[in-house]
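Two complexes, one shared chain (chain A), two partners (chain B, chain C).
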Partner chain A sequence: MPETYEPIATTQVSLSTISQVTFGSIPQTYTDLRIIGVSGQQTAGSISVRLNSNATSLYSNTRLEGDGTSATSAQSSGQGQWRIFLNSTGNTISVFSDINIFDYTNTSTFTTAFYNEYKNSKLVASVCLFRNTSAITNVTLDAESDYFVPGSRFTLYGIKAA
Partner chain B sequence: MANTYELISSNVLSSSAASVTFSSIPATFTDLVVRWSARSDAADVNDYFALTINGATTGYSLTNLTGDGSVPGSTTLSSTSLRAYGCAGGNATANTFGSGELYIPYYSGSRAKIMSNFGANETDGAAFLGLVANNHSSTAVTSSITLTILTGPNIVSGSSFYLYGIKNT
Partner chain C sequence: MAITKIRTTSSFTNLTKYDSFLAGNTAYNPPAFESIATATGTGASTTITFSSIPSTYTSLQIRISGRSDAAVDTTYIQVQYNATAMTKGHYLRGNGSSASAGTANVPFYIPGSNVTSTIMGVGIIDIHDYASTTRNKTGRSLGGWNGNNAYTTNERLQSGSFFLNNTSAITSLSVVLGNGNWTTSTQVALYGIKGA
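Right after this comes the complex of A and B.
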């Protein structure tokens, strides 16, 4: 019986000069994608998430945030990327990100995703849109400040609906 | 090819219990997922779990994000346990159980563990949902997980808990 939930690729950052993680040549044989990441940046910063290396203003995001004091909501539109907003604490691996990209091979619809981000002192839940109907063949994650902390790890899984 | 997402253990309560424990968890997976459907006998619409790892009572902190259909909130807590949402209380609509998931990535790695919980309880007129960023400073491999009802005193019969392992190769 074919696997329903399969690991496609894992990247573990081994050097201190890696600022980008790329999942390329994504097979078009699944229904949804999921990226599980545990990461940090050497200088605190967000992670940009881009699809098909597209950096044009086609990304939007609505999110719910909790910082231990208050719950807030915000929205970003016309962006050149989605963003994992939580900054790691110092030079440590302290952010857990769970990115779910739905129906990524569908060329009739824009691409939607939801992802949650967790760290010790804050969490964010986001729903996202990429206003392009191309099938998703690669996903890049860029450390916006400088470099990923060695030991940061991202795994791409494929989920089949049949 | 070996299964990526495997059931390690299940516990469907045939009688009330104050807690559920998954122990002797093999260290052969990459991530752990616990999923449940639960109800307690608390004199309340909602209940929650205290979550402990490897029986530890120190090194825990968390931040949550909650909503009850009226008021959103977020708090931070350092305690002798973590928190997991997703349990209906004894005053919830009959036959209603809450649902929840706990995700522990890279549970066998030698660093502090950050784990997520999403849980919800919707009872047609009263609701609660919550996300939690749970942090355990211990660098030990996660070998046991215990969910203890916070208000209770018990989790009722019919509540079900499932532990899954996910492999990234």
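Right after this comes the complex of A and C.
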């Protein structure tokens, strides 16, 4: 029987040519998932998150951003991914990301998540939708520009309700 | 009643003697993050309540995936401690078009029945030091929902803080809808987090 809050897997990028991290065969025994990442990309760019390797236009989000000067809000719809984990610059690991995926085994509802992201120039919070009712069995993170900085680390946790 | 004596010459053989009641097993360390209870919406109530909350944790966390059956695009939720609504609250909100701030005991918004039934609102509410009898109670929240921009600025993300000017330990927690009843697809889970 799983613990209430349990690490499922951790991936630390060890090579300079890794552009994708995948958490596959996710156990269906939890209620929610959480991914914590500390990462960077070698070239400026975003990181995409996809569920079940689905790259169709089923992703959307509403986000809130603060850059130390002003607060703004924006929305993306009909996307092929959640474009989150906004990139660090200068080939350094400097982005802390926290994504919560709720009720991921439910096959009657779409998947909703939210994330927080922190780096030295911006704070971003976003609520995200994946318009598909399949249970989530894998999560893929892609460095869109080129590669992750070696040492980038992502941990997947499972959270189980009573 | 029979009395049985175990002797070295008895039929019990290959006995292992332990000096600890663990008998060679690993000690169980209870986890710091524990599930206390889970509630499902009934379709007939605006309120979901967790009562008789143990005082043995340091912090509480509520995780929500839910909807209202009110005939609206979106409605808010509120938090009550010990059946008392929060007296103060602040929020920062984004609706996809603009960011705004205000004062209200509104942790976040969830969809109503005008929204496709497969879309859920989600959120997390944290309350620290809930069992203290010397400190007023403060909580924080983050949550909202997205509908692929089909509901425009009613889709929103909100971060909130809320305060109750009362030092009583929290023994019950309620999440209350602004409009309508929690649907039967709603799941609300209460977790306890222990300190060192």
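Definition applied: the second predicted complex is superposed on the first by the 159 of 162 C-alpha atoms of A that agree within 3 Å, B and C clash if a C-alpha of one lies under 4 Å from a C-alpha of the other, contacts with A are read in each partner's own complex, and residues count from 1 in each chain.
The working rule: a contact is a pair of C-beta atoms (placed from the backbone, for glycine too) under 8 Å apart; a residue touches a chain by one contact, two chains touch by 3 or more.
Here the structure is a predicted model, which is why all the values come from computation and not from measurement.
**Q** Is the arrangement of chain B and chain C around the shared chain A a clash or a fit after superposition?
**A** Partners clash after overlay.
**Q** When the two structures are overlaid on chain A, which partner does A:162 contact: first (chain B), second (chain C), both, or neither?
**A** second
**Q** On the A-aligned overlay, A:67 touches which partner chain: chain B = first, chain C = second, or both, or neither?
**A** first
**Q** Have a look at where A:32 lands relative to chain B and chain C in the superposition and call it first, second, both or neither.
**A** The second partner, chain C, only.
**Q** Now for A:7: first (chain B), second (chain C), both, or neither, which partner does it touch?
**A** After superposition on chain A, A:7 lies in contact with chain B alone.
**Q** Of the two partner chains, chain B (first) and chain C (second), which one does A:94 touch, if any: first, second, both, or neither?
**A** first
**Q** More residues of chain A are touched by which chain, chain B or chain C?
**A** Greater contact footprint in residues on chain A: C.
**Q** Could you look at A:116 and tell me whether it touches chain B, chain C, both or neither (first, second, both, neither)?
**A** It touches chain B and chain C both.
**Q** Could you look at A:135 and tell me whether it touches chain B, chain C, both or neither (first, second, both, neither)?
**A** After superposing on A, A:135 lies clear of both chain B and chain C.
**Q** So, A:153: does it touch chain B (first), chain C (second), both, or neither?
**A** First partner only, chain B.
**Q** Have a look at where A:125 lands relative to chain B and chain C in the superposition and call it first, second, both or neither.
**A** It touches chain B and chain C both.
**Q** In the superposed model, identify the part of chain B that clashes with chain C, out of 19-27, 91-99, 109-117 or 145-153.
**A** The overlap with chain C comes from chain B residues 91-99.
**Q** Let me check the overlay on chain A: which residues of chain A are in contact with chain B and also with chain C?
**A** The answer is residues 3-5, 64-66, 70-71, 116, 125 of chain A.
**Q** Going by the contact rule at the top, pick out the chain A residues touching chain B in the complex.
**A** 3-7, 10, 36, 38, 64-71, 93-96, 98, 116, 118-123, 125, 151, 153, 155, 157
**Q** Show which residues of chain A lie in contact with chain C when the two form their complex.
**A** Those in contact with chain C are residues 3-5, 31-32, 60-66, 70-75, 77-78, 100, 102-103, 106, 108-110, 112-114, 116, 125-129, 131, 133, 159-162.
**Q** Residues of chain B touching chain A in their complex?
**A** Residues in contact with chain A: 1, 3-5, 30-31, 61-67, 72-76, 103, 105-106, 111-112, 114-116, 118, 131-135, 166-169.
**Q** List the residues on chain C that touch chain A in their complex, please.
**A** Residue list for chain C touching chain A: 31-38, 63, 65, 92-99, 101, 117-124, 142-149, 155-157, 159, 185, 187, 189, 191.
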